[in-house]
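Two complexes follow with chain A in common, the first pairing it with chain B and the second with chain C.
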Partner chain A sequence: MFDLVWLIPLFPLIGFFLNAVFGREWPEKVNGWVGSLSVGASFVVACLILKELLAVDPASRSVEKVVYTWMVSGNLNVPVGFLMDPLGMVMMMVVSGVGFIIHVYSIGYMHGEVGYRRYFCYLNLFVFSMLILVSANNFLLMFVGWEGVGLCSYLLIGYYYEKKSAADAGKKAFVVNRVGDFGFMLGMFLLFVTFGTFNYTEIFAAAPKQLVQGGILVTGITLLLFVGATGKSAQIPLYTWLPDAMEGPTPVSALIHAATMVTAGVYMVARCSILFAMAPISLYTVAVIGGATALYAATIGVTQFDIKRVLAYSTISQLGYMFMACGVGAFASGIFHLMTHAFFKALLFMAAGSVMHAMAGELDMRKMGGLRRQLPWTHWTYIFGTLAIAGIFPFAGFFSKDEILFYAFEKHLGFWIWGAVAAIVTSFYMFRSVFMTFWGESRVDAHTAHHLHESPPIMVAPLVVLAVLSLVGGLVGIPIIPHWHVFGDFLAPVFAPAKSIIDAGAHGGHHSLALELGLMGISLGIAVVGFFLARWMYITNPSAPDEVIKEFKGLHTLVYNKYWIDELYDFLFVNSIVRFSRFLWKYFDDAVIDGIVNGLAALVREWGSGLRRFQTGLIRDYALSVLLGVLAVIGYLVFR
Partner chain B sequence: MTFIELYALLPLICLAATPVAALAAIAVSRDHAVVTLVTLIGLGLSFFGLCAVRPLVPMQITPLVVMDGYTLFFVGLILITTAAVALLSYQYLERREGHPEEYYPLLLFAALGACVVAASNHFASFFVGLETLGVSLYALIAYQRAAPRGIEAGIKYLILAATADAILLFGMALIYAKSGSLEFSETATSLAGDYSGLEMAGLALLVSGIAFKLSLVPFHMWTPDVYEGAPAPITGFISTVSKGAVFALLLRYFGEVPAQDFSSVAFCFSAIALASMLAGNLLALLQDNVKRMLAYSSIAHLGYLLVAFLAQRELAVTAVAYYFVAYFLSILGAFGVVGILSGSEGEAEDIKDYQGLIWRRPWIGAVFVTMLLSLAGIPLTAGFVGKFYVLWAGVDSSLWMLVLVLIGTSVIGLFYYLRLIAAMFGSPEAPREELRGRRAGFEAAAAVLGVLTILVIWLGVYPSPLIELIRRSAALSGF
Partner chain C sequence: MDLASLPLLSLVVFIPLVAAVILLFVGRAYETLMRTIALVSMLLDLAASAAAYYFFDASSAAMQLTEYHVWVPTWGISYKLGIDGISLFLVLLTGLLGPIVILASWEDIKYRVKEFLISLLALQTGMMGVFVSLDLFLFYVFWEVMLIPMYLLIGVWGNPARKLYAAIKFVLYTVVGSLLMLVAILALYLMAGSASGEYTFDLLKLYDFPVPIYAQLWMFLAFFLAFAIKVPMFPFHTWLPDAHTEAPTVGSVVLAAVLLKMGTYGFIRFAIPLFPNAAIDSTWWIMVLALIGIIYGAWVAMVQVDVKRLVAFSSVSHLGFVMLGMFAFNVRGVEGSILQMINHGLSTGALFLIVGIIYERRHTRLIEDYGGISKVMPIFAVFFMIFTLSSIGLPGLNGFVGEFLILLGTFEVYPWFAVLAATGVIFAAVYMLWMFQRVMFGELTNPKNVGLKDLSYREIVVLAPLVVFVVWIGVYPDTFLKPMEPSVKQFLKQVEVKKAAVLDQENGKKLSALDLAAQSHSRRAVNDR
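== the complex of A and B ==
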């Protein structure tokens, strides 16, 4: 079965081709099922491979399969090869499994949309790229997937191309991601120069011998890679694109901007765990950025009224948790949270999509309320997702989040407090969204209320599946009892080298059972506090929110406007640079300013317009340029 | 010259005979299809000749021309490209006023000149080839006599290229004055080690002249105007064949005369490469005219190639050759699309003409998207592999500054390619076009575009066979 691993990414590609080339004549349903089943087929293959991998002795669960040599020259050899190890398999399972569920949901959700076939083409192309990203056995092939998912994300955010905001959001995502990719590419080439290969196994085996522990080189490489991760996974400071990315269709938000693509950064950091372990400064940076993002994004989530934006900030915040886990050396916990998060966040987004479906596209929670009567299934599944993300026992999020908080506590009390506060806030804003949307008095206008209906079974069934997964998904990682943390034991071999390096540097004592249970109790208590706070504000005492807002007007305005970071970026990178360049080039036409979405683009354009001034169209000027060039070359070579 | 030497020249002889045959065919009867057919048969025969002489290489034929693996590779590339240009031109010319027939002999003469340049290792043959190429190009650029912009572009190119030729000739003269020979290898031995002011001046003029032909900054000014004014297939021809041949020569000359090992010469090339990458990409950002945009982007691409050129020898050859193939395919495809979309009045060059293209003409749109992605260097296209090799060559030789700028400017480059792609995915202003009144030759052009697209993806996914071919070709030459 290992030999057939290439089928996993191939199936979605076949689906893409079928729909792109032959799909025009097919009815909508066929397009949708071809797209969905191709991803489902990948999932089946991934399951079979996992089964076979489990039969292998845990220490040697790392199988490489080279399909063919992609690029070769001299001492360079880049194969198209796949790595099947516990980490890769978890990612493949999550991507293809959750991907399949979301595809099925899309069949119902996108029904009747213009460009139905196009949607499934992009979505399949995305899954293909994502599977390449997580299954590759070398950095260059991973980069292929990395670029591919970026491109698909761009296409899908701008899916409603007639909407200007959608097109702008697509561009913003692309630009911000390119900044991250720049870091990733540099890090990758530094790795290549150092080790002479792109292959994971070879690099990670050679790293402890060739690199100096905590040296400049390994720190530089890991920080550059982390820049790439912050772009893709929407961490401070490159997170601004993700909330805007909600302009795309909701299943896209669920699949790409919550469950899979945005976790690519976490996966990459976990994949390079050994490199990060050797660079304590980088590890510390990862933890701090992750922790800061977790709390920061959660506070913004509290003030938003757009249900998808609440979930978007929540995604950023949860990704921050995952990075914090990696940063404190608990890579397995980060991946565990990645998996449970994929279940419950996809669920929440799709439930939100179901609400939108019923409400004719309405997203503002102030215009909802009391929807639980009309949308019972959506309501209950959304509750399941909320309980999971808030960390209520025994839902999936409880186990994964608790584990992260535990390791954060072990590392430093500060990280724990940081994470715990973020957890209260998370619980609060999630229950707030439940109460505002589904409970209380209905604020739906009469026309919409007339049309309220539960979504069709094809949309509800995926919700139920994910709700079950959100409930039981955490049971693979039961702490305290030995050998019950199946997930952690499965991943342990992958992170063993990194763990030994980190442990060697730490003065780790054994923690007591009481401490572990105590922390668990506290985090459960935290979640409950958040629930009651939200209940008090939005159910018992509906006027409370307004009073609080009035009381803390300044603070609320600050947070509601997302700390004005978008405006700050505009000010820093767009306006000031534009103004400065205007000053420099003030005698040039200002027509070039139109359509600037980004400061870098603005700067670059201004430079370009300066250069363009020389392009007069007159031969004598061109000849002069040639002459000056010749003189410069002669002058340099002869009289140097 | 022995018979075997003459035989080794078979591809060039076939190529030289073809325009004569084509002119004879025109004299008998003016038939567009017949002339095109003669052209294609001639190109096919010389390609066949290429395969036939393969066992004989490497062979020096008179002091003027060398047939080695490297020559064969570039001549093959030129022949294939010329055939593609001829096929793409057919439907383009069909729609326009005037006689289309003489276009083909001119195209063949230009290809012959390019082949001679690629095969030369002597200044005389180099210059003769360059002039054959240049003179044919003047006429081809201005072939649309009714279009004022075409005439303007032709005149511009004529005057500026003549200036550059004068510079080039003077450089050769200076080198000859010192070394007493026009053969590349002999100028190398006499120049070895000691570089006085005179050779340096000669070298500087030579570099400048070549940089003009390659439209490198600051000798690039003619490029956008000529690209814009010339017929779309000819623009494709200029940016591929004419530049490829000159770059092949550059590689050969500086293979014999390793002057780039001198820090000052290397510095000059680095400066030119940096300026080209930056200026090309920055200027392309502002263009609403697709042909001008591609012109600036080609300046940037030549800058990338120069980075590979400055790298260590063996890698440089592989990287340059691969990059050229990728670049040839993509740019040819891009201009092919421009040509196919052009009406009988003017050309489809404004970005507005491409608004919603993917919905109006899905296949053509898909081809164009592929070509642009390849030019931008997105993975799974030939352009990515090419760029990767160039980067790798640069990294391997520790050209850090150039590599950094290459990565940075590629990021900038994505903006304008993507802008065009975004426009194509935008809402169409016109409904889906039914291809009414297909013009003659449309199928041929569409087939060429299809083949180019498949090749671009194929070489992006499975580049090994081409790499292997390049290495074997390099092994059959002096490198």
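== the complex of A and C ==
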């Protein structure tokens, strides 16, 4: 079965081709099911391979399969090859599994759209690229997937290309990602110059021997790679594209901008865990950036009224948690949160999509309220998602987030406080969105209210599946009791080398059971506090939000406008470069260079027309010049 | 008759010229017949170049399919042709574009069709000749021959408003450079002749002649100017936007796809191997110019209001990459450089075709006149998107492989140059996607754009082969890199060896001078005593 790993990315590619080449005449349903089933087939193959991998001894669960040689130049040899290890398998399962569910949901959600076939083509192409990204056995092939998902994200954000905001958002996403990719590429160059290969296994095996622990080279490599991660995973300072990316269709937000693509950065950092472990400064940077983003984005989430934007900032914030986990050395916890987040955030987005479906595309929560009566399924699944993200026991988010906070605490109290504050804010804004959307009085206008309806089964069924996963998904990672953390044990061999490097530098010390339980209690308490705060402000005391806004007007304006970072970037980078380029074009290219070129031509012409006076064609003029010449010669002879 | 015994390269060069002569005897009224003859001859030419590829031994670095005939024996001029892994793909690229441009101009050019086709065919002969000549004199003849049809293409079938300005600017710029090159060629001929006693223009023989360092610099500079103008390198690029903008569609296509490559090919075939010491000593400033070209070209492209000018400036940026990789002087850099020549030919050539297709429908090149074209021309949108992405260097398509090898090769020797050049990759995304957005996305605001027809079958046939290669190079570049490798290694070795030989020779002179001084010193010492 290992030999068939290439089928995993191949199926969605086939789906893409079928729809792109032959799909024009097919009915909508066929387009949708071809797209969905191709991803489903990948999931099945991934399951079979996982089963086979589980049969192997845990220490040797790392199988490589090369399909063909892609690029050869000198001693550079990059194959199209795949790596099957626990980390890769988790990612492949999440991508193809959640991807399949979202595809099915899209069949209903996109019903009647003009570009239905185009949508499924792009979506399949995306899954193909994403699977390449997570299954590649070398950095360059990962980069192919990395850029490929960026392209599909660009195409899908700009799906409604007639809207200028959508086309702008797509372009912004691509360009900001390119800034990150610039760092990624330089990191790869350094890797190649150091190791002479792009292959993971070879690099990670050679790294401890060839690199100095904490040296400048490994720090440089990892920081550059992390720049790439901040672009793809929307971390400070390259996060600005993700909120705008909500211009795309909602299932796209669920799949690309919540569950899979944006987690690629986390995957990459986890994949390079050995390198990061050797560079404490980089690890520290990852933790600080992750923590800062977690809190920063959460604060913006509190002030937004657009339900998808709330979820977008929430995604940025949750990704921050994952990076913080990696930064404190808890790579497995980061990946655990990545998986549970894929479940509950995809669920939240798709439930929000179901709301939009009912509300004729409305996104503003101020125009919603009381929807739980008309949309019972959507309401309950959304609640499940909220409970999971807020970290209420026994939902999936409780386990994964608690684990991150625990490791953060072990590393430094500051990280824990940071994360805990962000957790309160998270719980608050999520329940705020529940209350504003589904509870309280209806603020829906009469026309829309008339049409309110629950979504069709093809959309509700995926919601239910994900709601169940959001509930039970965390049970694979039960802490404290030995061997109940199935997920952690499965991933452990991948991160073992990194862990041994980090532990070697740490003071050791074993944590007590009481501490672990105590922290758990605090996290749970935090989530509950957020819930009551939101309930008090939006249910018991509906005028409270306005009063708070009035009280802290300046602060609210600052946060509501996202700290004016977009405007700052526009001013600093976009406008200044455009203006300077115009200057170069008009005043350097046209004026200076062409000025010299045309000036030379004019000079020659002037000179020529000056000389022309001597070429009049009149005999007497020539006679005159002969005379002058004779005189000159005589003069010379006389006065010599 | 055995195919292998045919003089394949002569066929590649002269089939188009023969067709041009035939066209002279076809009546002006039979336009379709003339176009068909031109198309068939270009297809034959493509077939001949494909046959050359078939008989090419990819494992050898030697010049292959060589043909040799004495031409002017008294002056050592010969008719010598041959290809190696470096020129092979440029010949194939030129061959591929031949039928494409004839097809693309099928409905575009309606005025003086006969002369137009003859110009295109003559141009094809000139271009092929440049790539296969192994005699400096022969090379120079083809190099100059090529100018005339291009001058006519711009000057006669160009955009009426400024076509003469553009055509004359193009010719004068080029001639200034090539005259200096002629002087250098003659100087080299005389110098090598007087040193070895054999006066010859044979390139392979001249390769072995170690030019003294003081002369190398001047000769290299003369060659540099000729080729740098052609590439074009900053700051010799200002003819390019004008020529591209004013030329008819297929003129721009040939100009971008093939003519610009003559400059970069000139460096790798002539300037560097003939004068390696001067070339290597010039590395730093040539790299600086290449780097400026990459970033400057990208920035200026970004703010253009005219689609064709935008694509023209993007060429300045892309060709900067080619130069950068070449002067890295390592396998990856040079291979990337050669591959990027081909890539640029495919994707920029295709982009000019794309622009031509909408220009033919709307007769405007201003970006602001478009918007929302995707809606009325969905098939066109797909092609446009693919070529845009290829130009941006998206992995999986051709541009990435070339750019990546160039950047990696450069990084290995001059990391900071590679870092700065890599920013060009960001800006490429900016200017191309911004342009694409303004032309293709948004609402159809301009009523003139509403009724635009999507691609015809002819237009699809024109673009489809380019897509095939764009994907092929991206997914399986080995087909192209493998035949290149021996020649590139040979090129690098040759540069090293010759550089060392020249240095030895210089040291030898110094040593003998030292000897003389020592002798005279001792003699004086004797006298003093």
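Here is the rule we go by: the second predicted complex is superposed on the first by the 571 of 640 C-alpha atoms of A that agree within 3 Å, B and C clash if a C-alpha of one lies under 4 Å from a C-alpha of the other, contacts with A are read in each partner's own complex, and residues count from 1 in each chain.
The rule is simple: contacts are C-beta pairs under 8 Å (C-beta built on N, C-alpha and C of every residue); 3 or more make two chains touch, one makes a residue touch a chain.
Please read these numbers as outputs of a predicted model, since none were measured by experiment.
Contact with chain B, but none with chain C, is seen for A:Ile619 once the two complexes are overlaid on the shared chain. In the superposition on chain A, contact is made by A:Val144 with both chain B and chain C.
Judged by the touch definition given at the top, the superposed model places A:Phe189 against both chain B and chain C. Of the two partner chains, both chain B and chain C are touched by A:Arg178. Of the two partner chains placed by the overlay, only chain C lies in contact with A:Lys164; chain B stays clear of it. By the touch criterion stated above, A:Leu76 is placed in contact with chain B and with chain C alike.
Residue contacts after overlaying the shared chain place A:Leu628 against chain B, while chain C stays out of touching range.
Once the two complexes are laid over each other on the shared chain, residue contacts for A:Leu637 go to chain B alone; chain C is not touched.
Put chain B and chain C next to each other and count what each touches on chain A; the higher total goes to B. By the touch criterion defined above, A:Arg432 lies against neither chain B nor chain C after alignment on the C-alpha atoms of chain A. In the superposition on chain A, chain A positions 68-74, 76, 140, 143-144, 147-148, 151, 154, 158, 161-162, 167, 170-171, 174-175, 178, 181-182, 185-186, 189, 192-193, 601 are in contact with chain B in one complex as well as with chain C in the other.
Contact residues of chain C toward chain A in the complex are 169, 172-173, 235, 237-239, 296, 299-300, 302-304, 330-332, 335-336, 372, 374-375, 389, 394-396, 400-401, 404-405, 407-408, 411-412, 415, 418-419, 422-423, 425-426, 429-430, 433-434, 437, 440-443, 475-478, 481-482, 485.
If you check the complex, the residues on chain A that touch chain B are 68-74, 76, 140, 143-144, 147-148, 151, 154-155, 158, 161-162, 167, 170-171, 174-175, 178, 181-182, 185-186, 189, 192-193, 592, 601, 604-605, 607-609, 611-612, 614-615, 617, 619, 621-623, 625-626, 628-630, 632-634, 636-638, 640. The touching residues of chain B, counted against chain A in their complex, run 155-156, 159-160, 163-164, 167, 197, 200-201, 203-205, 207-208, 211-212, 218-219, 221-222, 224-225, 264-265, 267-268, 279, 282-283, 285-286, 314-315, 318, 378-380, 384-385, 388-389, 391-392, 395, 403-404, 407-408, 411-412, 414-415, 418, 422, 425-427, 461-464, 467, 471.
Chain A contributes residues 68-74, 76, 140, 143-144, 146-148, 151, 154, 158, 161-162, 164, 167-168, 170-171, 174-175, 178-179, 181-182, 185-186, 189, 192-193, 577-578, 580-582, 584-585, 589, 593-594, 597, 601 to its touches with chain C in the complex.
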